[in-house]
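Multiple structures are listed underneath, in structure tokens.
What follows is chain A paired twice: with chain B in the first complex and chain C in the second.
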Partner chain A sequence: MRGLLEIKNLNVSFAVDDNHVHILNNVSMDINENEVLAVIGETGCGKSVTGSAILHLLPDNAIVTGNIFFKGQDITKMNDHEFRQLRGQEISSVPQSPSTSLNPLMHVGNQVAECVLEKNSSEADKKKTALKVHEIFSRLGLPRGEDFYENYPCELSGGMCQRVLIAMGVITHPELLIVDEPTKAVDWALRKDVMDVFCELKNDMKCAMLFITHDIAAAKYVADRVAVMYCGEVVEIGPTDSVINQPRHPYTKGLIASMPSKGFNVMNGFMPSFQDLPKGCRFSDRCECSSDICVNEEPESVEISAGHFTKCSIYKNMNVSEIFSHAITS
Partner chain B sequence: MIKYIIKRMIIVFFVLWMVATLTFFTVHVTPGDTANAIIVSVYGEDAVSPETLENVRTKFDLKRPVFVQYTDWLKNVVTGELGTSYKYNKPVIDILKIRLPNTLILGFSAFLISIVISIPFGIISALNHNRPIDHFSRFSTLLLSSFPSFWIALLLIIIFSIQLKVLPVSGMAGFSSIILPAVTLSIGMTAATTRMLRSSMLDVLGQDYITVARAKGLEDNQVIFGHALRNAIPPIITVIGLQIGHIIGGAVIIENIFAWPGIGGLLIDSINTKDLPMIEGCVLIIAFGYAIVNLIVDITYSCIDPRIKYSGGDN
Partner chain C sequence: MQLQVKGLSKKYYSGFLGNNVTDAVDDVSFDIKEGEIFGLVGGSGSGKTTVSKIVMGLIKPTSGGVFYNGRDLTKVNNRDWYYLRREIQMIFQHPQMTFNPRRNIYFACAEPIRLYKLAKNKAEEKAMVEHLIERVGLTKDQLKKYPHELSGGQAQRLSITRALCLQPKFIICDEPTSMLDVSVQAQILKLLKEIHDEFNITMLYISHDLEVIQSICDRVAVMETGKIVEIGNTEKVFNMPQHHYTKQLLQSALYI
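Our next item is the complex of A and B:
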């Protein structure tokens, strides 16, 4: 497996009223070809900002430092014109909120076709693209034919809009697809259908994905690896089974314990404000295992098992057997 | 769609009837004797005498009770007969035929000027949100919309007609004479449309589908003209519709200042002479203009925005 995307020490801050609000702090993660990396965490932890940073879609007041390598090329150094050649073609996205992400005054077919069509395309190209759109619609379980192509978003259900957005993301056969909370706006019955669509995409189209979600069950179903974000940092990253079944970071443990299937044990406290962050570990004020070192020192990333890293001071000076026994006892 | 238009036309006739009725009775309750006003306006003060008053009252059937006058007049209107002007002694319809095109020419010129200026300015202003050009556009539109139009008219006359002597002061003689009234009339409309388009564009540019359009890798021009502008247009159509209505009827002051021989000037003149058939003719034309423009706005709306058709816009 070859590395496709590598994010190294990504920092994003926003200039707000002469202050800099630091949102992402040294975020590092990587995605291999044909691999799905799920990013989970509660609302406001910086998942979508990470996605937007990769797509160069952050607002004008954002300050980005660090590196994002896509196929070995640092895309943070590219200007908008250079990046536009990649965006929509090699790196594509499926946005959250299907109801607001489609242009209400444009036929859904045209919105999908637009991703492929050049500005001054010939009639023949347009026809060819329309066929391609019909094909992708039927592949995603949407009705084929002119009628559906010429529907407006207001005539479609939430699930259908979600599929149209997926069609927009995959019609160019991108190598990397950034999917932002795809199950957020669909009801429970449609949720599995949407997740199945992504599994099929991964298997059929060999497309790597950054799967941003706060639905842990969805992440488990679709992803090969999982990254857990808290307050702008990646606190744990590793293979899906390992992270979900043997979580090491107290935050991940709390997240999993709060799932309805695991007893619905809600964590204490709230995520701190980005304008008033604790000095040491950002989770220290909510953590049950917190000690002096957590309050004073920023934790470092420790490799717990093969490819499974966690950013917690508990594991700082432990050797492998100690970590293992800690995992069993806790 | 045809059913919808027919339904709307029926409403338009109701509106016209109500406007005409209200105008009829309003003119009758205003102080002053109609016969006296007619004689003064046509022959001067000296001609007023009991005999002439009697003659005029007989000639125009002014002795009938008001309600009878109203029903007689209404019967005529329904058959397409707007009556004869007291002052001009000609059929109202003939005078309107001469005056209406002048108002339409003036209104259309003002409309064109305002569209040509406001649409690019509104877009540029929104795209440069909070930059100097946006501040300039906001300040200048606020300033221009705050000045009363008669003051701007006088200012323009002083500068271009009296000081620079490049444009005529008033009247309607050739292309140069339309410039000042059209510019004056367009200023308020330009300011309103620019501000409306700016805020509408800003609102649309913040929508998710614009970010999605950018994420597709579209060029800026495609995003702005293909996605943003079309969504920003519906509120502008409402504003433009109201402004056109205002131009048809509300050019009264401008037409008077520039002695432009349109409907507005005619209306003021007719009110002064209590020339009831003429007043009614003008009011009906203005109300009809308003109603038709509103109908066109609603139809345009449903053509642009599919959501209106489907959310019961037909009702």
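Our next item is the complex of A and C:
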């Protein structure tokens, strides 16, 4: 397995009224070819900012430092003109909220075709593209034929709009797809269908995905690895089974315990504001096992088991057997 | 029986001469006992919200009746609704949209108190608002803020405060947690449950999330395209589903 995308010490801050609000703090993660990495966390923890940073879609007041390597190339150093060759072709995205992301005055088929067509393309090209659009629609389980091609977004249900957006993302056969909250706007029964579409994409098209979501069950369903973000930091990253069944960071434990099926155990407090962060560990003021080290020192990433890293001071000076016994007792 | 819904139907007519008929709600009947949390589940477009709006008196039904303590709510005039709304309150799906963006939070909480003249003077009004806002887990200094400065979870707590101001006996919750994160959802549900136990409030809880329904409701009704297809005790419906739609819903669950 080869590395496709590697994010190293990514820092993003925004210049707001002479102040710098530091959003992402040393975010590091990597995605291999044909692998799905789910990024989970609460609203406002920096998941979508990470996605936008990869796509060069951050607003003008953002200050980005650190490196993002895509197939060995550092894409943070590229200018907009160079990056346009990659965006849409090799790195593509599925935005959140299908109802607001589509153009209400354009046929859905044309909107998908627009991603591939160039400005002055010939009639033959257009016909070829239309066939391609039909093919991708039927592949995503949408009705085939002219009728569907000429629908407007308002005539479609939420789940169908979501699939049209997915079609727009995958029509160019990208190598990396950044999916932002695909299950947010769809209801319970459709959620499974949408997730099945992503599983098929992963198996058929061999496309790697950065799957941004707050839906832990959906992440578990599709992802190979999971990264948990809190307050602009990756607090835990590792294989899906290992992170969700044996969470090690207190925040991940709390998040999973607050699922309805795990009995609604409520975590203390709220996520702090980015302008007023605790000095040491950013979770220290909500953590049950917080100690002096947590309040004063920023924790380092510790490898708990193969490929499973967590950023917590509890595990700092433990060896393997101690970590194992700690996991059993807690 | 605190609330009885009998043969409720709502038809929408569209097209030339109103030839196209859409049955948003079709012959729905259920009843809710006092102090119970009753769940209403279904996919989007199954008519859950329409039922709740008819119960609130925001939409007139085509036929059927809603009886609250024996009184037909569909025939109540606006003047009597003024008194009934003290007893029946609603928590909406999008909390941010239910507040006036130009007035601060104190005003949003004090408005129902002023409307029903519950406080004798300003000081009493302030004490009432502060007591409630602390009950739902917000702090006093947040009263000066404006709605856009709150997070989704805080805004939802605030709409719970506003519903509680009038000491209602019946609350309709229309997907109160569908826009929130799991951790915040757990906080809000715990709060609703506490309020239910503390004030003995009857609740109609509408959601598409079966896990949430399963964990808080006593009885549940499953809706599909405007009809109730299954109704019964939560445990029974979830463990031994009879109707194929309920089975289908349960099968589409993703487990962790």
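FYI, the second predicted complex is superposed on the first by the 330 of 330 C-alpha atoms of A that agree within 3 Å, B and C clash if a C-alpha of one lies under 4 Å from a C-alpha of the other, contacts with A are read in each partner's own complex, and residues count from 1 in each chain.
Assume contacts are C-beta pairs under 8 Å (C-beta built on N, C-alpha and C of every residue); 3 or more make two chains touch, one makes a residue touch a chain.
Quick caveat: nothing in here was measured; it's all calculated off a predicted structure.
With both structures placed on the common chain, the touch criterion links A:Asp147 to neither chain B nor chain C. The partner of chain A that touches more of its residues, comparing chain B with chain C, is C. By the document's definition of touching, of the two partners only chain C reaches A:Leu255; chain B does not.
With both structures placed on the common chain, the touch criterion links A:Glu135 to neither chain B nor chain C. With the contact threshold set out at the top, not one residue of chain A is in contact with chain B in one structure and with chain C in the other.
Looking at the complex, you find that chain C touches chain A at residues 43-45, 151-153, 181-187, 189-190, 208-212, 214-215, 248-249, 252-256. The part of chain A that touches chain C in the complex is made up of residues 42-44, 157-158, 186-193, 195, 214-218, 220-221, 244, 254-256, 258-267, 270. Taken together, the chain A residues at the contact with chain B in this complex read 55, 57, 84-89, 92-93, 95, 97, 100-106, 114-115, 119, 152, 154-155, 165, 168. The residues of chain B lying in touch with chain A in their complex are 207-209, 211-219, 222, 226-227, 230-231, 304-307, 310.
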